[in-house]
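By letter and in written order, the chains are A, B, C, D and E; residue numbering begins at 1 in each of them.
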Amino acid sequence: MTPLHQYLFLSALLFGVGLAGALTRRNAIIVLIGIELMLNAANLNFIAFWRFSRHPELATGLMFVLFSIGIAAAEAAVGLALIIAIYRHYRTANLDQFDSMKG
Amino acid sequence: MLGEGIIKGMTETARNFFGSYIDSDRLVTVQYPEQRLPLKENTRNFPFLVHDGDDPEKGLRCVACKICEKECPPQCIFIVLERDEKGKPQKHPKVFDLDISVCMSCQICVEVCPFDAIKMDTEFELSHDDRFRGLLLDKKQLAKPNHYYHKIHPVEAAEVDERLAAEKAKAEAKAKAAAAPKPAAGPAAATAGKPAAPRQPVPA
Amino acid sequence: MAWITQNLWLIPALPLLAAGLSSLAKQRQRAFAASLAIGSMVAAFLLSCAAFVTTLGHAGTFREPPVNFLWFQLGETTLQLGWVLDPLAAVMLVMVSFVGLLIFIYSVGYMAHDENFTRFFCFLALFAAAMLGVVISNSLLLLFVCWELVGFTSYMLIGFWYHKPSAAAAAKKAFITTRIGDIGFFLGMLWLYSETGTLLFYDGGQGCLEQSALTKLAAQTTMLGMAASTGISLLIFCGAMGKSGQVPLHVWLPDAMEGPTPVSALIHAATMVAAGVFLVARVYPLMETVPANATVAAQTAETLTPALSLSEREREKQISASDESIRVEPSAVRKIADAPQNVLSLPAGEGRGEGEGQEHAAAHAVSTALKLVTWIGAITAAFAALIAVAQTDIKRILAYSTVSQLGYMMMGLGVGGVAVGMFHLITHAFFKALLFLGAGSVIHGCHDEQDIRRMGGLKPFLPVTFGTYAVGMMALAGVPVFFAGFWSKDDILHNAAHWPVSSGPFWLGVFGALLTAFYMTRQVCYVFFGQRRAGILPARHAHDERSSKVHSSVPSSSHPPGGQAGGLSYDPHESPPVMTTPLVVLAVFAVVLGFFGTPAWPWFQDYISGHPATGDLSKLFEWETSSIMLLSTIVVALGLSAGWWLYGRLPSATPEDLDPLERMRPSVFQVLRGKFYVDELYEATVIRFNAWTAWLSDGLDRVLWDGVVRGVSYLVLGFSWISRFIDEYLVNLGFDKGCDGIRGGGKLAAAWQTGQVQPYLRVIGLALAALVLLLSWGRVQ
Amino acid sequence: MDPVFAFLALLTTAGAVAAVSLRNLVHCALCLVVAFAGLAALYLQLNAQFIGFAQILVYVGAVAILIVFAILLTRGSEPGNQPILSSSWQAGLGVAVLVLGALGVAVASSFVRYYPVSPAPQPTVRELGEQLMTNYVLPLEVIGLLLTAAMIGAVIIAMHEKQGPR
Amino acid sequence: MQEILDQLFVLLKAWLVGFFPLPWQPLVSILISVAALILVFALLFAVATILERKGLGRIQNRYGPNRVGPCGFFQPIADGLKMLIKEDIVPSGADRVVHFLAPIALVAPVLLAFSVLPYGRNMAPIDLDAGIVVFFAVGAGTELAVFMAGWSSRNKYSLLGAMRAIAQMISYEVPLILSSVTVIMIVGSLRPIQIVEAQAGYQGWLPAWHVFTPWGLAGFLLFAIAATAESNRSPFDMPEGESEIVAGYFVEYSGFKFALFFMGEYFGMFAISGLAITLFLGGWHAPLPFLEKSIPSYVWFFVKLFGFIAMFIWLRGTLPRLRVDQLMNFAWKFVLPMTLLNILAAGLWRFLPAGATRWLVCLVILLGAFLALGRSMVARRKWSPRKYRFAE
């Protein structure tokens, strides 16, 4: 049986990869992909902790992940709709050019 | 109500389905290689050469005048005139090739042939595994006897025969007149020509 | 209590329902609206008949106990409404619903081509409902509400062809003029309420027309020495004057003829104008109440001071008397007031029956209000008749005749009591409706021609109309014995002749009767006799009454152009049966009704006043009665023959021909034709004064009030100038420094605010890393 | 290390790395799907059956499709050979490495390395459902509301604005 | 004997597995199941194609294929051979890797979906607690494969076809899941085996299948409609739409890859029919009590499956293709509301006492909804007689 910390390392790695994607790519969709990856890394953490917890019958981790998946779906839908709307306005999905909120 | 039309249509197709097993009249498909539809009188596909008699080489009506070769719009006919040793042209094709992958069945060659030598065939099962050679028909493959022509286009063939016979008779009469003694040439020609004239078929 | 008394409200409610329903109908649902209105009228008529039958055959003062109910209550103030069924109401109910029904039926034919047919019937039904409501109401308030509704529907109906400016103006005029009278009515009502605390007529002894209230009112004196009852009566009579077109408020009635003819017939001949007469009849007990001080005042030098002091004294007495017995008995009042016995008797107690016995007592008992009513009525009767002589519009003549006859009714009320006036009201309703409908039929037949000078010779073309019209004309003129008008008018004249106050009204009445006979003869001669003068003038659509002229092209196709060169030639045609049938029915009634009120058999008067019906043929031949009859017969004969002499003998040939009277006395005729210039007088006085007042108040508003407001605003502006100065030069300079500093700081901070996502995300990532390191480091420690 | 876990971890990581680094956006999306599928398999490894399949249903069946659609809808008007990395990518990468390092240190230094392996729980779907309908009913309702709101919001945001009359 | 016949394949598998050492046995068991599935369904695919072609022919009063083998029944073999031999053409502009992966990505999830269906008594390849979820999860995976195929071909027709297919599949996935939710609600389990067991038994002659309840019947019909659309079958075959977009997302596929797509489509049809049978038609239970023991359970499953296939063929032979907007309208304005109401009806069924009342209530709800919604779908247009502006 794989020990807990290996899952945690994998989760951290996925989180790092997602973060790197979100921080380095120009395309808004890839940034969104990175964010989804981070979210999934967190989900993996929850599942792993649930699996190794002392009271798995409480299913806390599972529940959290279940809701997290639901929220992620909503987030993806709204995020992508925003990207499409912004694209329609600026004719680009390049994040560097979205700076109308510049102070 | 929603779905009525669907149910109606389904009953109709179901009736078709079972009906096709019960009532064979419903099945209109012709099982082709075994069953064939009789061809129509005016069916035409690609040209062939008519020969009289049994020998395709000798009885060929074609005189290699090359009118058809010139007239053919896609230029699918290739004719070489036969010459004897001295180079004198014979009224006979040495080569008569016809590329049916090019031919468009327009029948112009038939229209222009003054000798009724080329006619349209009804044969359509001409597929071949050699796409170049297999579809290039030579003189031997093209030559078909006159009775074959009668078989596929009986009415037309009868007309042609009649005309040819008339022309032949006319030519013979002419020849006879020419061969007859000179003094008698005038009246003989007159007597031969007169009755021959109404027998000539009126060109359409 | 009879069922019908309980459910008397159904009679107005049914037409009201019909009006409501047909107002929802679409414009093209003509049959629906008409059948609804007529059906409701039929039902109302049947119910009215039931009510009428209930009141029959009772001896003495008959009145079903009124049905009252609480409308609303404000603190201790209560307002009650209710309805009552007595002979007065019953006979009016039958008349209104029957005449109304006939006119409804007639309208189906008359309005057949109008595109707003549905709306018309809606209004008609609403009118009928309101009128029936006036008739049954047992509360002055309910009566007033229905009264105003009647006025409103009259406005709508006069202005039915609102696209005609004249119709719109006439509607406005009618509405405003009657409102002037209604103000008086309203004030009188308020006064009455404040005095008696109730507006119910009859309330088991508590009503305002019953003895206790009347006593109280009679005892109260106000300015000019009038008793409260007199003041209230006069104010209420103002309303009646407005509605019934008495001089000087008569001006609206002739103009109201701009409305469709059935409207003229229904509203301005038969029912609505009679509402004023009905009102006076209804409040007759109040009207005839002689103030407690009246006799004293009459006996004394008619100075104010003694009368006032006297009245006060007597009121004290009365109060002390009423302290003894809370319910004031008639005898006590009589003793105090020294009044004749019948002063406080109920209206039904009055009538022709008691004329002889208490004549001299009555001479003292005629109240101021009744005197006014009589005089106004008599003046109106003669005045309007004079104007009618010179008019040329067929409907306008009838309108002035109506005014005149209303004057007769008022006079009858004043001199003879309720029964006399009401009898003339009923007979007049029938024959005047007949005349109007006949005029409508003539107009209809002549393709909307209203000028009598352009008619002539219609007798052969309109036989039924002519016959019925002649009956109506003779009834109106008072041709003896066979026609209703004779008996009712004679009754009035008879009473007027015995009026103790003055003989002026009698002679005015006689003069009016003469003129009536004269102008009716003139009209009939112009319209039906002589030769045809129609179609000679091409421009004959000056009185373009019909809005949708559907049939104007029909005659040209059905009748090819005839002999008359150049003109529009057409044959007048008889109206359809739906229009002539009501005429015939009305004609029958115009003849028959008179026999219910002859001196020999005064059934109607007895019915109204509650006496058992008596028949005594000998009465007819008493000198007292027959002299008056003879006089009026002579007068009528004189009028008829004068009319025939002037107009029938030598009929004018063309419309341009001068009137024979005009040839004789052009100046007098001009004055008459100009209606005594009453309209012009009003134009010059009342309306100009009104405009001047408006101008004055406008100027006041602009100069005075605006000036004050502007002054205040300039003051505020000045203050704001000062505060702005302080703000700009004292406060702001200090802040500007601070703001500059803040702005510099903000610029520095804004440099971090790139507006891009990734730098923010980077910061979050850094923070996360820091947090994780911090936490794990702390744990490792 | 468990070979199955190693394989799945490798697959997931490779998919994730490819998803954020490839030039072609559609390839990125497809690689993301691989990463999601690997994660779902890891969930199955962790005895979270229902969550694993829900992960596939939601992420592979819905989110990936959404992303693909978004990619197709936002393509076209940009020139092809632009740099794929943002202007300040060095800093971003640095931060990402820092976070990764911090997380790694945190995990490595924590006691979970010595955490005992407990017996595998077998949660049935029924138990999950009962939990959802009892203890977690409020969050469930809230998430339903959230999803509805998000759906409507997404539709409205992405809807074409009405052009004027043409 | 009947017992043995019923469990024939189970015993056979156990016997085969018994030859292997214990640690290998799970793996071997899985392999045997997979092999059996692929074999059976590949065969079924072949049979279904020939049946479809012949059935369609008969519906159109033709013979259908009748040359290869007896009555043409070896036609699929010939077709298969042809497909294998044909040249595999990849367009030069295509994304080669994705183009290659797409057919595999299509067939693999469908095969996975087969693994959770119970084919007979004790004959579910995998007995999963969340079996229905698995089915839908892997079903969702096919959409991505369709997209891969359409996008990677770099062909406008194929991209359009893929978009249509995805839109259609997503739209109909919602009513598909919602209509199966009723069964899950009533049974209280996502386990296919348990769902089948819940439909065991008879009431008189009538089996206790879900389809014989009002909500079940409505659910079944709605499920069937959604399944038809989900598997891109006529009349919902817009993604292929030969007349408009040539052949949809697999225009640029030829040879064996095309065969895989073809197979994937048929496999999808079989899988979804299998699910419908499991959910509504009593799985492997016999329709009549006396047939329950005498005929093996798996036979019943496949008989029902053939019934479904026949139904699909019949529908395809009857109905013309819908337009895209009609399809979407139908999904969102008719099928979806009906499924939601059906859930309500099922809930009422669960909590009302057994008897005529709940029949009446459920029937009224569903029939009312059907009439109202159906009216709105049908009575949308009234075609007036055509007027010609110039011809007349």
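In the analysis below, contacts are C-beta pairs under 8 Å (C-beta built on N, C-alpha and C of every residue); 3 or more make two chains touch, one makes a residue touch a chain.
Treat the numbers as computed from the prediction; the structure is a model and nothing was measured.
Of all chains in the assembly, those touching chain B and also chain D are E.
Using the contact threshold fixed earlier, the set of chains in contact with both chain A and chain C is D. Distance between Cα centroids is largest for the pairing of chain C with B. Chain nearest the geometric middle of the protein is E, using mean C-alpha positions. Interface comparison, A-D against B-E: more C-beta pairs in contact at A-D. With each centre defined as the average position of its C-alpha atoms, the distance from chain C to chain E rounds to 85 Å.
Chain geometry summary: the mean Cα position of chain A and that of chain E are 34 Å apart.
Rounded to a whole number, the gap between the C-alpha centres of chain B and chain E is 58 angstrom. Centroids built from CA atoms put chain D at 87 Å from chain C. Within chain C, residues 758, 761-762, 765 each touch two or more of the remaining chains.
For chain E, residues touching at least two other chains: there are none.
Going by the touch rule set out above, the chain pairs that meet are A-C, A-D, B-E, C-D, D-E.
Here chain D touches chain A in the complex through residues 1-2, 5, 9, 12-13, 16-17, 19-21, 25, 28-29, 32, 35-36, 39, 42-43, 45-48, 50-51, 54-55, 58-59, 62-63, 66-67, 69-71, 73-74, 77-78, 82-87, 89, 91-93, 95-97, 99-100, 103-104, 107-108, 110, 112-113, 115, 117-118, 120-121, 123, 127-128, 131-132, 135-136, 139-140, 143, 146-147, 149-151, 153-155, 157-158, 160, going by the rule given at the top.
Chain contact summary for the complex, chain E toward chain D: residues 95, 98, 128-130, 133-134, 136-141, 143-144, 147-148, 151, 163, 166, 170, 173, 188-190. By the touch rule above, chain E contacts chain B in their complex via residues 55, 58-63, 314-315, 317-319, 334, 370-371, 373-375, 377-378.
Chain D meets chain E in the complex at residues 24, 26-27, 30, 33, 49-50, 53-54, 56-57, 60-62, 64-65, 68-69, 72, 124-126.
Across the complex, chain C is touched by residues 86, 88, 91-92, 95-96, 98-99, 101-103, 105-106, 109-110 of chain D.
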